[in-house]
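Okay, so here's the structure we're looking at.
Each chain gets a letter, A, B, C and D, in the order it is written, and its residues are counted from 1.
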Amino acid sequence: MKLDAMYQEIILDHYRNPHHKGLREPFDAESHHINPTCGDEVTLRVLLESAEDGKDALTVADISYDSMGCSISQASASVMTDLLIGKTVDEAMAVLEEFTALMQSKGKGEPDEGVLEDAVAFAGVSKYPARVKCALLAWMAWKDATVKSLATQKEGAV
Amino acid sequence: MKLDAMYQEIILDHYRNPHHKGLREPFDAESHHINPTCGDEVTLRVLLESAEDGKDALTVADISYDSMGCSISQASASVMTDLLIGKTVDEAMAVLEEFTALMQSKGKGEPDEGVLEDAVAFAGVSKYPARVKCALLAWMAWKDATVKSLATQKEGAV
Amino acid sequence: MTARELDVETIRADFPILARTVRDERPLVYLDSGATSQKPRQVLDAEREFYERHNAAVHRGAHQLAEEATDAYEQARATIAAFVGAPADEVVFTKNATEAINLVAYAMSNAATAGEEFARMAVGPGDEVVVTEMEHHANLVPWQELCRRTGATLRWFGVTDEGRLDLSNLDDLVNERTRIVALTHQSNVLGTVNPVRQIAERAHAVGALVLVDGAQSVPHMPVDVTELGVDFLAFSGHKMCGPNGIGVLWGRGELLRAMPPFITGGSMIGTVHMDHSTWADPPQRFEAGVPMAPQAVGLAAACDYLNAIGMDAVAAHEHALVEYALKHVGSLEGVRIVGPTDPEARGGAVSFTVDGIHPHDVGQVLDDRGVAVRVGHHCAWPLHRRYGAVATTRASFYLYNSFADVDALVEGIREAQRFFGVARS
Amino acid sequence: MTARELDVETIRADFPILARTVRDERPLVYLDSGATSQKPRQVLDAEREFYERHNAAVHRGAHQLAEEATDAYEQARATIAAFVGAPADEVVFTKNATEAINLVAYAMSNAATAGEEFARMAVGPGDEVVVTEMEHHANLVPWQELCRRTGATLRWFGVTDEGRLDLSNLDDLVNERTRIVALTHQSNVLGTVNPVRQIAERAHAVGALVLVDGAQSVPHMPVDVTELGVDFLAFSGHKMCGPNGIGVLWGRGELLRAMPPFITGGSMIGTVHMDHSTWADPPQRFEAGVPMAPQAVGLAAACDYLNAIGMDAVAAHEHALVEYALKHVGSLEGVRIVGPTDPEARGGAVSFTVDGIHPHDVGQVLDDRGVAVRVGHHCAWPLHRRYGAVATTRASFYLYNSFADVDALVEGIREAQRFFGVARS
């Protein structure tokens, strides 16, 4: 049965025990995304911080979220926070890109496990176009919130 | 060839030498009808008169018209005036009904030559739905104008 | 009811797609007819025959093909009109039920600037439009937008916990300010069949119009516009064994004549000058452009197909299926039916939630077993909010479904519970 | 031009209807493609295959059929978009070109009440909308109605005696008050191909939008939206070997995003509450309800079919036919061509009058001989008035027509002249 290919143990684990869930302070920016076909929602906050050395590179200091949705969307949010927290924004954006490409690969992607780590488990989901949106929901919300946060940081910098 | 069945000599004669054509005074009511698919037009006037004996029966004293259109619509107007002028309104309405039925018969009507006279020549036209409107244009205008005239007569009578 | 029992096997043989397999060669169990129905060979043949023998632009030519095409189109109109007990010239073809409803809503806002002749249909500030909380977005959003364009006020009936329309405030909601009441005949989520007549009587008593969304009723039960006692009925071809791309608006002749046009262009005009135009009579007034004649012919073939089986028989068959489904799905532990659990005045849509499993995941397990259902809010988002559900899983039935299909559904739900570890046993 | 010559016999074999006979077993000579084209087997097969294998409601399900249907629909969008050089997400499906044009006109009037976000598209008193005297009613009446709804003013380009657009007052007509210029790419009566780029440049210089009616150009010549330099392009599937019931609006992405919806309902929403809704992004924002997915698939097959032949080759073939027709029809005594007699910048519609014979009667004689033409004002009534003709007879060509078809037309006209006794000899 194909179900196991989609619902890998890793996904079910994150679904049952999501990491970093719950909205936290402090944060720079928040975004709220909805999947209009099923009504699933996520509210997501990001906190960016300048690296210790005071140079330009910003780091993803925290991602917190509240969400309602299916196993795929919940697990994907959880895996994402594990992956992105602690990375620089540039590194995180690169991961987002890699994950997006995997999800749009219609089951034909060859995920880079070095970059995606646990997120490679979602490879099977990419065969189900209707579920790709679920897997991407939190990622899109993160991108959105990060872009907002960067915009604020810039303003602040001026 | 089927053309002859549609364009009977009688029709072509009326088309080339239409009877009662041209707008005349006096008249009780006028109507203007257009065939929206081809732009053909007719302006038609009727004059109704009380019968000599002063009783209720109204007579079609005159029908005059100006028109632009194809052979079928022109011939049909001409034949109609021949048929209806001089009849009582009730008789004329009966002829209209017979003619309408013939035109809607899709080539299967058995026209009553006693009632329709020259108008039986249009039997062939009823096989061509797109031309039925042409054949009926003047008749519909006559009906319209007559109804208007009757309405005015009634008001006058009150 | 003396309805014949349906010979489901024979019927299924008419639907080529039902013979296919999905996901690793599993036979297809199609339980998504509420979204769109499958099409019998007879319908596809009729449409193809039109294209291959009679295709031409209808109402626009004087050659033989144009005559044949026009004839086929108008014959189709007559057949479809008769299917709902209406005269042919009261039936307008649209692209789907959604357009049919929008047509009425736009005619009402257009009436404001369309001249004296159409003033009767106009609405404005102080006027009210009434819908229900169980509407499909297609019968909700167009009315929200009508109100936005005109300044009228939108009001709505609520629903009871049992999934029925709450009519307790009927007389308050439908009052002298009400211009139109728009409601669904049968809910696409709850399955509920609404007491349209009762509401129409109140509406007419206060001078309001009534539009019924028949997208989920006309395909599934005998519907007669006179018996319904309403003013407008909208439905879609694709949900009743007909082609996509065609919908129907039936309207009382007198009202259609009082309505200004919606979409304008060719074939709906009286005369056209550069600076003004006049309109053809209905139904042409509402059918601008080259119409979907092949689809009309296909939909007429669908009506013939359904008539040959008998709409009474179709309704009885679905009633039996839904009764069986309510019993067997409803009795599963952890499963909650959203909608009446009583099969009376209820059609063949069974929506439910499964404790601890998101509908997407339920749907995925079912799909993996070849059982096609719909998951989500089914274009009835406010209704889902009302019942505290983000989404539901919906099985919907049609004449080609069997009791075995329901068994497959029940088995699939159990499997989902096992897979996600929420089953007791 | 290095276009291959078309192998008309091979092409004709793809169109089943062209093999039929009409009126007493006469072979069909179909010269009415301007009204609607015939469909090749490949298109009918593609549509049927969708129904028999993949049919489901697109964008609404998570089961395998729904995935396949959605995929087929979006693939079709990409193919059709590429056919006119557009990105897929800038292509909106409508029921026909008429609806596509109405969509833009209604979005502009809806903008008045649709909130700040869409205010940019709004028009009102003092604003001007510009059309031309050669428009099909589909690209005239919707703009009359937009002006009526909003208080804007309609203005128009005239046409020259030769059948070309009169651009002498371009700078006056298109000015700072102009909000949109809507014009046809190729006239369905005159055949004239308009200098769209030149007009678009002026329009854009004064900040006006440009909508092009491509109903008669996209089927007959290579069209690339970037080269055209316009903002919107509307066309119909049924005139380009595709199914009925589907039309296309291409619009620049930025503009589509700035437009409020037209028809509202399911699948075009962001969120829905009882008292308000928000919208999906384009193209979904403009595709309410279950769409005509099978027709989209059929239209994509039509694009593939035309691409395989090559639109350059199609255009060259029609150019040759029209040149031949202008020469042979135009030289008949008593026949007047309405439209340019010069084949340059001119497509394959040849309209004419015959002295002493009404177009209906000309058409009847032709029909009697199996030659299908259109008679009337061809939904361009003001244009006919301009040329002092109540109606004309129109022959229009497509890739499946041959020189022999033109000969049959010429012979038919002669026969009409003989029959009605207006021939000299």
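The criterion applied here is as follows: a residue touches a chain if its C-beta (ideal position, glycine included) is under 8 Å from a C-beta of that chain, and two chains touch if they have at least 3 such contacts.
None of the values given here were measured: they were computed from a predicted structure.
Of all chains, B has its CA centroid at the greatest distance from the CA centroid of chain C. The pair with more inter-chain C-beta contacts, choosing from A-D and A-C, is A-C. One finds 46 Å separating the Cα centroids of chain A and chain D.
If each chain is reduced to the centroid of its CA atoms, chain B and chain D end up 39 Å from each other. With centres taken as mean Cα positions, chain D sits 31 Å from chain C.
Within chain B, contacts with two or more other chains are made by residues 37, 128, 131. In chain D, 23, 60-62, 66, 269, 271, 360, 364, 375-376, 381 are the positions where the chain touches two or more neighbouring chains simultaneously. Across the whole structure, chains are in contact as follows: A-C, A-D, B-C, B-D, C-D. Chain A meets chain D in the complex at residues 34, 36-37, 128-131. Those residues of chain C whose C-beta lies close enough to touch chain A in the complex are 23-24, 358-361, 364-365, 368, 375-377, 381, 384, 390-391, 419-420. Residues of chain A that touch chain C in their complex: 1-3, 6-7, 12, 37-41, 68-72, 128, 131, 134.
Per the touch definition, chain C reaches chain D in the complex via residues 16-17, 20, 22-23, 28, 30, 32, 35-36, 38-39, 44, 48, 51-57, 60-66, 94-99, 101-102, 106, 110, 113-114, 133, 136-142, 144-145, 148-149, 154, 156, 236, 238-239, 243-247, 261, 263-267, 269, 271-277, 288-295, 360, 363-364, 366-367, 371-376, 379, 381-382, 385. Put simply, chain D touches chain A in their complex at residues 59-62, 66-67, 70-71, 269-271, 280.
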